[in-house]
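Order of writing sets the labels: A, B, C, D, E and F. Residues in every chain begin at 1.
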Amino acid sequence: MEFTHLNKEGRARMVDVSGKDDTLREAIAAGFIYMKKETLDRVAEGTIKKGDVLSVAQVGGIMGAKNTPNIIPMCHPIMITGCDIKFNISHEHQRIEITATVKNVGQTGVEMEALTAVSVAALTIYDMCKAIDKEMVISDIMLIKKSGGKSGLFERKG
Amino acid sequence: MEFTHLNKEGRARMVDVSGKDDTLREAIAAGFIYMKKETLDRVAEGTIKKGDVLSVAQVGGIMGAKNTPNIIPMCHPIMITGCDIKFNISHEHQRIEITATVKNVGQTGVEMEALTAVSVAALTIYDMCKAIDKEMVISDIMLIKKSGGKSGLFERKG
Amino acid sequence: MEFTHLNKEGRARMVDVSGKDDTLREAIAAGFIYMKKETLDRVAEGTIKKGDVLSVAQVGGIMGAKNTPNIIPMCHPIMITGCDIKFNISHEHQRIEITATVKNVGQTGVEMEALTAVSVAALTIYDMCKAIDKEMVISDIMLIKKSGGKSGLFERKG
Amino acid sequence: MEFTHLNKEGRARMVDVSGKDDTLREAIAAGFIYMKKETLDRVAEGTIKKGDVLSVAQVGGIMGAKNTPNIIPMCHPIMITGCDIKFNISHEHQRIEITATVKNVGQTGVEMEALTAVSVAALTIYDMCKAIDKEMVISDIMLIKKSGGKSGLFERKG
Amino acid sequence: MEFTHLNKEGRARMVDVSGKDDTLREAIAAGFIYMKKETLDRVAEGTIKKGDVLSVAQVGGIMGAKNTPNIIPMCHPIMITGCDIKFNISHEHQRIEITATVKNVGQTGVEMEALTAVSVAALTIYDMCKAIDKEMVISDIMLIKKSGGKSGLFERKG
Amino acid sequence: MEFTHLNKEGRARMVDVSGKDDTLREAIAAGFIYMKKETLDRVAEGTIKKGDVLSVAQVGGIMGAKNTPNIIPMCHPIMITGCDIKFNISHEHQRIEITATVKNVGQTGVEMEALTAVSVAALTIYDMCKAIDKEMVISDIMLIKKSGGKSGLFERKG
C-alpha cells in the first residue's frame, strides 16, 4: 500500500476526496491521563461541584474536535454533526479514561477529530492540574472504532 | 495546595499572572507513537526523501505550539521565542520518540506549549499514516523538564 | 422540555444533528448600540466618507458570522451561504440599529451566526469610537426571525 | 477630538501604540441576558450540577477574551494576564448578570477584551438555552471600570 | 456588470449563494518568487534533503488554502476536498514557480483558495530565506484555470 | 551564510530569539494588483462611496498582519503595535499600488507581517472584483524598508 498523502514529486498533499460519497460516519477514540492519587482525588471531588476540571476539559475537547482541520496540517475541513466526550475516573489505576465520539455526514471520516478531542481534553486536564502535579502522563490514545465510508467498519481488538 | 484555576464561585478562571516577572523560561516535553513494523519502515524510508511524514509533523507540531492558547481553554496567550522538535525512530520498540523544546521570555511558562507540540506532531503522524495503519497508539506524553519562573527547575526522574 | 446539550452524565455535548435534513435556513437578528449625541454625529458624518466606522463594523460582523463555531463552544460548524448587515442611525434615540441576515443550506440553523454578527458589529463600533466615548451601551440583541428546519418559522412579536 | 483610527486618507488603521509604556491595566465590563422564568429556573438548577450552562459560558467568555484581536478588526494583539467571569442570577428581574474582569501588562488596554468576554458568555448562554427559549434578550453590555494607561481611571456612574 | 458584493446601502456583503447547485469545482493558480542566484541554489540543494524550505512552503500553502475564509473577508466558508501544490525551480530565470490546484464540491468555487495557497507558499519561502536574502520578489500571482459552477470554464490565455 | 531555520537534523525549527533585545521595529512592504481598465474604474468610483472595495481590503490586510503567525508556519508570534495600509490608484498603469507599514516593539521584526498585509489586501481586492474580472494579476510584492533589531536598516534600492 502507498501513502496516499504523497504527490508525484514526493511532497505532502491533501488527498482528493471529491469523488467520494457523502455517508454517515462515526469515530470513537479513547485515551488516559495518569496522575498522583491526591490529584485524582481533587479532580474527583470537583465533579460534584460546578466549575470542575472535567467540565472545562469537556468544552476544550469539543472545541478541539471542531478545530481539527486547523490543527492537523493535511486534514480535510469537515463539518462535524455531533461530538460527545465521556470521562471515567479509576481510583484503582490512578487515571481518567477519556472517550470521544464524533459524527459527520461527508466524504471523509472523523477519526482525527475523535483523536484530537481526546488529546485536547487530556491536555486541558493537565493544564488545570499542573500547579499541583507536573508528573501526569497522557497515554494510550488510540482509535477504538470507526464506521461509514468506503473502508467500512474498523473495531480495535482487545 | 489549592487549584489555582478556581474563582470564589468555584468556576474556572484564567489565573492572574500580572504581578509575575518576565523571565526566560524553557520547557521540554516528550512522547511516543507506536506503529506496525511496516508502517515504521515506510516512515523511516521517507526521512531520506523530501516531503516525508516527519517534515509535516514537524511543521504541525511547531504551529500547534504557537496555537496552544487557542486550543487549551485556560492557557495564557504567550509569545514563544523558539520551538524545536526532534524525532527518534526506534525499530526495536516500533515507535517514534517525539521531543519538543519551547522557549519564551514572559510571566508564565511554556509547559503546555511543549506538551501540545508533541501531541500535535503525534496526531499529524497518525493522520498521514492512517491509510495504512489504524492501530497506532500515542503514549507517554509527559513533561521532561522546565526551567525559569517562580517554581524554578523541574526535572522528571527516570 | 429538556436541555438538548446535556449528555447522560450531565455534561455539555455538541447535539447530534446527523439525522437532520439539509434545508434552506435563514435567521435575522438585531440589536442597538447607544452613544452620546456627538459620537453619533461623528459616525454619521463618516458614512458619507470612505473608511468609515460602519464599513469596518460591516466587515467585522460578517467575519464574526463565519467565525461563530470557533467563538461559541457548542455551535456546530456551518457553511453560511450568505450574510448581510444593515445599519440604521437614529439621531432621535441616539443609537444605531444593527440588523444581520444570515443564510445557509444545512442540518442546523444560523440563529447564533446572526446574533454573533450583530454582537461583533456592535463591539467593532465600540472599539472604533471608544477614544471619544467610553459610555456606549450595547442593548437589545435578539432573534427577530428564523425559518427553515424542523422547528419551522419563528417570528418575534412586537 | 478626532477618531484615532483614521489615517490621512480617511481609511481605518490600527492605531500606533509603539511609544506607549507598558503599564498594568484592568477593565471590568458587564451585561445582562433576560429570559423566561422557566428558562432561568432551568439554568439555576444546572448551577448545582456538573456540566451546567454557566460553566460552558465561563469557558466561552474566557476564550472570547483571548480571541478578541481576531474578532474585532482594529484591536491590537494583546497578551492578557488574567480573566475572570462572574454570573449573578436574579429571579426577580428574570435575568443573569455577567461581569468580566480582564488584566494585562502592556501598551494598550483591555476594555474590548472585557466587553467581548461578556458578549461571548451571553451568546453562549443563548446558544445552550435556545432549544427551549428563542426570545432571550442580551442587553446593557457596557464598560464599568478601567484603570491603567495614559487615560487613567474610568468609572461608569450610576 | 455590477459588483455582486455590494448591498443596497452600498456596503460590502457576503454574496448569497444559497440557491446555487453543488457541483464539482476546480481552480488552478500560479505565481513566482524571484531570488538571488545563491539563495535559489540553497533552496534547490535543500530539496534533496529532509526539512527543506519547499516542504514547509507546501504545508503552509495547503493550510492557507483551508484557512482562506478566515483570511479573505467576504469569502464563503468552503470545505475543500483536495489541495496540491507544485514547485518548479528555474535556475535560468532565478525563480521558483508555484502552482496550486484546489478542488471542492459545493455552491461556490475555489479560485480564492488556490490564489491564497500560492500566496502563502510564496510568503513562507520568503520567511525561511529572508535571513540570507531580503530582496526576493513575489510576482505574477494569477488564476490559470477554473472549472465547474454556473460561470463554467475559465482558462487564462498566454 | 546558513539557513537559520534548520536544526541539527536538517528539519525546520522556529528560530530561537530568546536572547534578543526588545527594540522598536518597523517594516514597509509594497505590491501591485493589475486589472482591466473597466475594473479599475469601478474600484476608483467606489472610493468616493461608502462600502468600497478598498475599505474591505484595508480591513482584510490589517487582520492579515495580525494573523501572520497563524498563516506563516515558522513565524514567531508577535504583538504588532500599529498597522496602516495605503492604496494608490494608477489609471496609467492600470494598477493599484498597496503599501503596508507595520510596527512592533519586540525581539523579532515585522517584515512578514508587512508582506502578508500587502498580500491579503491584494487577494481581497481580487476576491471582490473577480465577478467582473478573472484576469487580475498580483505582482511585485517586496520589502521596501525595515528598521530596528540587530540587522539594522534595510532599504531596497531602485
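In this text, a contact is a pair of C-beta atoms (placed from the backbone, for glycine too) under 8 Å apart; a residue touches a chain by one contact, two chains touch by 3 or more.
Owing to the predicted nature of the structure, the values given are computational and were not obtained by experimental measurement.
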| item | value |
| --- | --- |
| If a chain touches chain D and chain E alike, it appears here | A, B, C, F |
| Other chains in touch with both chain B and chain E | A, F |
| Between C-F and D-F, the pair joined by more C-beta contacts | D-F |
| Chain of greatest Cα-centre distance to chain F | A |
| Pair from E-F, D-F or B-E with over half of its contact pairs in common with B-F | D-F |
| Chain located farthest away, centre of chain D as origin (C-alpha) | E |
| Euclidean distance of C-alpha centroids - chain A vs chain E, Å | 31 |
| Gap in Å, rounded to a whole number, between the CA centres of chain D and chain A | 30 |
| Sites on chain D at which at least two other chains make contact | 7, 9, 11-12, 49-51, 54-56, 58-60, 63, 67, 70, 73-74, 78-79 |
| Topology of the chain contact graph, where touching chains are joined (line, ring, star, complete, other) | other |
| Every chain pair meeting the contact rule | A-B, A-C, A-D, A-E, B-D, B-E, B-F, C-D, C-E, C-F, D-F, E-F |
| Parts of chain A lying in touch with chain C, wherever the complex brings them together | 24, 54-55, 58-59, 62-63, 65-67, 78-87, 103-105 |
| Chain F - residues contacting chain E, complex | 1, 3-7, 9-12, 31, 42, 46, 49-51, 53, 55-56, 59-60, 63-64, 67, 70-75, 111-112, 115-116, 119-120, 122-124, 126-132, 134-143, 146, 154, 156 |
| Contact set on chain F toward chain C in their complex | 47-52, 54-56, 58-60, 63 |
| Touching residues (chain side chain B, partner chain D) in the complex | 7, 9, 11-18, 20, 69-70, 73-74, 76-79, 106-107 |
